[in-house]
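Two complexes are shown next, each including chain A; its partner changes from chain B in the first to chain C in the second.
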Partner chain A sequence: MQRTGLFIERAGFLQRLNPLTKVTGALLLIGATFLLPAPLTGAALLGGVLLPLALASRVARRFFDVLLKTLLPVLISLALVQGLFFPTSDPTTIAVGPFLFRRAGLQFALDTGSRLLVVAGAPLILFQTTHPGTLVQALIQSGMPRSIGYILLVALQLIPAISERAVGVAEAQRARGLETEGNVLQRIRGVLPLVSPLIIGALVDAEERAMAIEARAFNAPGPKTWVRDIPDPPAERIARITMLAALGSMVVWRVMMFFFG
Partner chain B sequence: MFEAQSGFNPLSAAMLDARMNDVSPHLAPIALRRVTFTYAGATEPALRDVTLTVPAGQICAVIGRAGAGKSTLCALCAGFVPHFFRGRLDGDAVVDGLSVATHPIAELVRHVALVGSNAFSQISGARFTVYDEVAFGLENLGVPRPEMIERVEWALQALGIDHLRDRSPYALSGGQQQRMVIAAALAMRPPVLALDEPTSQLDPPAMAELADVLRALSRQGITILVAEHRLEWVAEVAERVVALDRGAILADGAPAEVLTDPRLCECGIGWPRPTQMAARARAEGRWVPDRPLPITVADLAAGLCAVAPDQDAAHERDGAIRSTAVQPDGKNGSPRMTHAAEPIVSLEAVHFTYPTGVEALRGVSLTVQRGERIALVGRNGAGKSTLVRHLNGLLRPLRGRALVNGVDTRTTTVARCARHVGVVFQDVRNQLFARTVRDEIRFGPRNLGFSPEKVSALTEAAIDALDLRDVVDEHPYDLPHARRRLVAIAAVLAMDTTLLVLDEPTAGLDSASISLLVRLIDDLAARQRSVLVVSHDLDFCYEALDRVILMREGQIALDGRFANLDNTQMATLDSDVGLPIALRLRYVST
Partner chain C sequence: MTTSTTSQRGELSSTALALIPIAIAINVALGHLVQSVLKLPIYLDSIGTVLVGVLLGPLAGAITGLLANVIWGLTLAPSALPFAAVAAVIGLIAGYARQYGAIRSWWKMALAGVITGVVAAAISAPIATYVFGGVTGAGTDVLVAMFQNLGASVLGASFMQGAVSDPLDKTITYLIVWAIISALPKRLLARFGATEQ
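So, the complex of A and B:
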């Protein structure tokens, strides 16, 4: 399969798992991040669970690359704002150059930041190790309507296809003397010839594609089959039940703590 | 190429017997009786009183001008008319024993598969590889996995796309996509297969492969209805031809009868090229008078040999071909270019590599003089599209120079290059946007800053040149595909550039429209305008153009004139893209 979206084609631990197991695991991680009250829960989950999983799945470099590039601005602002302005009675400060950071603020930023990394990292590692087609197939096989699965997959594939078409439209209109660079007026004049073919083409394609999937028996009655088998061994089914039970227990525990703690 | 596979739906003995001529409509896979269909909102019927019985295993070709009703007939046989395209349906249409009026498409798909002409929009979008795309229909039909895998492998092999199995469907060329959607339909192994313009994006070798596949399917009992413009291909593959004219059946019978019927020429469908060439030979006394007109190249060659058995056959045949080839008056291998002026375009050792690392051009040098008519041919990926994009500055050389009217494209804009070089790309949907045909055509000359009077004059001249006067106030998207392409060509023609570049201009065009293009190119050359055509349609290239440039792996492998190609050059051309009929006969004879 070719690279699609975030998916990285590698042979590793998570790649061998059923997508539903990975989805359940991601949900458990996200839930645990918020439900477990201990300080630095996020850091523990990040270092103790996500990092080993990323290494075992041979996606660690890309995983942290994407994660940090996406969240680094948020983490830095979190550290700055909380470190400098966190309301606390603890007078302990840490000097960094001319700035005095409040220790409690930095601890809060570290705790919140690491939770944020887990919340973003769990789905990221899921998508980096699961082909979207396989994920949607697994979800459909577990009961999601096929039409919703189709819409998800078409959206994933059509966005790059429409981008390519946009390039084609721009080439065709520039070849007809349309100035796409220059002053604002010229750019405004260029909008209609650039956008119209894209919209009309998408509408025509949509009708023809609807016809095409009808011709490919999309709405044919009867049971469906799949050309690709997604293994789902008993051990994984047990693991999913266990993870869901753990998540449920944490929720119940937190609710009880809220009312009786 | 392939044999019947296990698991193939066998036809009943009665159905196979029905393949013979006197077939009962009750047993025929396609049985239409007095069918008339009018699209919702239309004033004229698209099909008029059509009665057609196609026996099992027959390859029945449907020919006709653009808008004659071919696509409607295919859609009717698959149930898309009237269930998807609404309208009024009169008469009886029965496919594989099911009335299309009373059975939904979801049920009919087990009996008939339809492949439309636009491959891109036939892609489901729900699968990420060619392999999975071909399997998509089988998954929906609930075919067991082992059988599904066997069928998918068979279809990939049959269409010659096995090596593309792991590619994204959207990463394929147009021709590859077309083969993939046909493979996806074949994998469903329906008793009836309806193909609408299946060769529109295929190169000659792929067309020959598709013909082999259809013959093999026919031998296995599958009934094939194929709507097609390319009459030479129809002549090679069809067992029966139905000619439609304005929705009604004009002629129906064996290919040798229908494709030589004079009424085809009268209504603008035309004859296959071998037939036209033989007719011209007969008019000039170089054809045995009692010998029927041929429809295939082989029969044409035999006929030309028969005319002078005691003479130097090769020389005679060559002479006959040169004089009978379908060429506009005044062409006949006499180029009209002048070399005194500065070339319109000059490429000097141009190298270009895409960001993906694909080295598309490797030291291409080329000049285009005024009045030249050039065919740019080559296999997919040879570098043709990249070269075309250097002719108007859309791409700029990484090494070497591209000069348009003497100006380096690196120092100017595409819009300025457009004053000298007009390009009509293959996918005309990227181009058309205006509300009327006239507005669409006016867009280009207005961009170039011409006076209103000149814009009007150029617009009206282009409308007449492409025979669009009757549709000037219509929306381009309300026209049939073929006329949309003519609108796109007119829109660039109206820019009055010194070089007109046409990318696959004959795709989906009928014979009359192709003749229109041939005349247009001749007229442009007479006015010292140059034309460069990128095309798989080698016969069109031979008829309309003088010079042929063959691209291979980013380099020019051959640059010569059709009239002067020697055997070595013809062998080079043949090995890459094949030869036009006239050259094929000449090459074989020598």
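So, the complex of A and C:
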């Protein structure tokens, strides 16, 4: 399991931008893939926007590495399931070895796959070039509740610790003779001895943490100050408004096409 | 000591603030452990969400589910992000199950699990269809292929796949949560305001 999340500490183009600008950009890319025709839009955004951005931010190798590793099983499954079993009245088929692929199914798989690469790629590059702490601070400063930010950051830090403890519990129960192999029923019986020590331990932790939060007056009313400043030059504000306007006009265009097209 | 989810100003209470991140980590860690150690055909990735919903109510449950998927998408599997809405609804239903007193008996918890599973399947299907084209790269894709071969549309096959997997998964999840809460010391339960059982 990954320890530090997706963030890569490197100096480049996206790393210098305000997190809000990157979030807006990611939303625009995701919106565009659903609002503009597939698969051309997906391919154009991947090759014409995400690739140059990844290169300029010096994360290109890790970007495509993670993107393909997470999406390859989905893409393969998409081509097989929809290529072979897509419900269609179009009888055209393409023979590949012993298999007859349906053309409409492959078209559907290609459209969805191109969209998927952008839908997963846009947030991926955002998180690879933005430190979680900076992102959460920028979101809180622009109006997200502080408690949500706290939950996000603490959960990020806790996942490796809890995973480690989960593995420890599994090993301890196996040493006491817990069956983790065998038929499905035997393995289902193994769930409770694995899960309950982990959760009861976590609940005791939660109680201590709650006392710590109270002791530090997290919920105290009044204004709060920040240790770090996140720069937000006027050019980026204009860029954000422009991107939102572009997204809005695409939505309007699609709605008009739907009613009058 | 406050026992409700929110304090007077609508902010989350310190108990909720402490429990929710741990529940999120439990979702991710257990989802991974169950699938890699026990290799079961279920997900068990919403135990933390249901636990928070049942202990602290609908709002805290929904926040747990939503943020768990956001974080999962952010760290390990980008494909979890689009399903954040489904996770939020799972937490919401768990919170309402608490208000109907489901925690008092195991069969009410099982019933809440079946209901949650059916609702989750119904909301997941359109997301699975329009974002992923019906597949997720997991073993359950075989079911989608089977239903499509029997004549279902992509949306229909996605729903039927969920209707097979989700109620089973959620029922087991609720029963695990029931077993754990029954085993908790009274003092700890008082902290989480679930004293009415």
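Structural remarks
Simple rule for what comes next: the second predicted complex is superposed on the first by the 189 of 261 C-alpha atoms of A that agree within 3 Å, B and C clash if a C-alpha of one lies under 4 Å from a C-alpha of the other, contacts with A are read in each partner's own complex, and residues count from 1 in each chain.
Here, contacts are C-beta pairs under 8 Å (C-beta built on N, C-alpha and C of every residue); 3 or more make two chains touch, one makes a residue touch a chain.
Since this is a predicted model, take the numbers as computed values, not measurements.
Applying the stated contact rule after C-alpha superposition, one finds that A:127 touches chain C and leaves chain B untouched. Within the superposed three-chain model, A:235 lies out of touch with both chain B and chain C [touch as defined at top]. After overlaying the two complexes on the shared chain, residue contacts for A:38 are found with neither chain B nor chain C. Contact with neither chain B nor chain C is seen for A:11 once the two complexes are overlaid on the shared chain. In the superposition on chain A, A:193 contacts chain B only, with no contact to chain C.
Put simply, more of the residues of chain A are touched by C, taking chain B and chain C as the two choices.
Legend: residue contacts after superposition of the two complexes on their common chain; A:175 is shown touching chain B, with no touch to chain C. With both structures placed on the common chain, the touch criterion links A:147 to chain C but leaves chain B unconnected.
By the touch criterion defined above, A:223 lies against chain B but remains apart from chain C after alignment on the C-alpha atoms of chain A. By the document's definition of touching, of the two partners only chain C reaches A:108; chain B does not. Chain A uses residues 1-2, 132, 150, 154, 158, 161, 165, 192, 196, 200, 204-205, 208-214, 218-219, 221 to touch chain B in one structure and chain C in the other.
Chain A contributes residues 1-2, 4, 131-133, 149-150, 153-154, 157-158, 160-161, 164-165, 168-169, 171-179, 181, 192-193, 196-197, 200-201, 204-205, 208-229 to its touches with chain B in the complex. On the chain B side of its complex with chain A, the touching residues are 78, 80, 84, 105-107, 109-110, 113-116, 118, 120-129, 131-132, 135-145, 148-149, 152, 166-168, 170-171, 181, 184-185, 188, 389, 392, 394, 413-415, 418-419, 421-423, 425, 427, 429-433, 443-444, 447-448, 477, 491-492, 495. In the complex of the two chains, the chain C residues touching chain A come out as 7, 9, 11-26, 28-30, 32-34, 37-41, 44, 47, 51, 63, 67-68, 70-71, 73-79, 81-82, 130-138, 141, 144-145, 148-149, 151-154, 172, 176, 179-180, 183-184, 188, 191-192. Chain A contributes residues 1-2, 5-6, 34, 67, 70-78, 80-82, 84-87, 108-109, 111-113, 115-116, 119-120, 123-124, 127, 132, 145-148, 150-152, 154-156, 158-159, 161-163, 165-167, 170, 180, 184, 187-188, 190-192, 194-196, 198-200, 202-214, 218-219, 221 to its touches with chain C in the complex.
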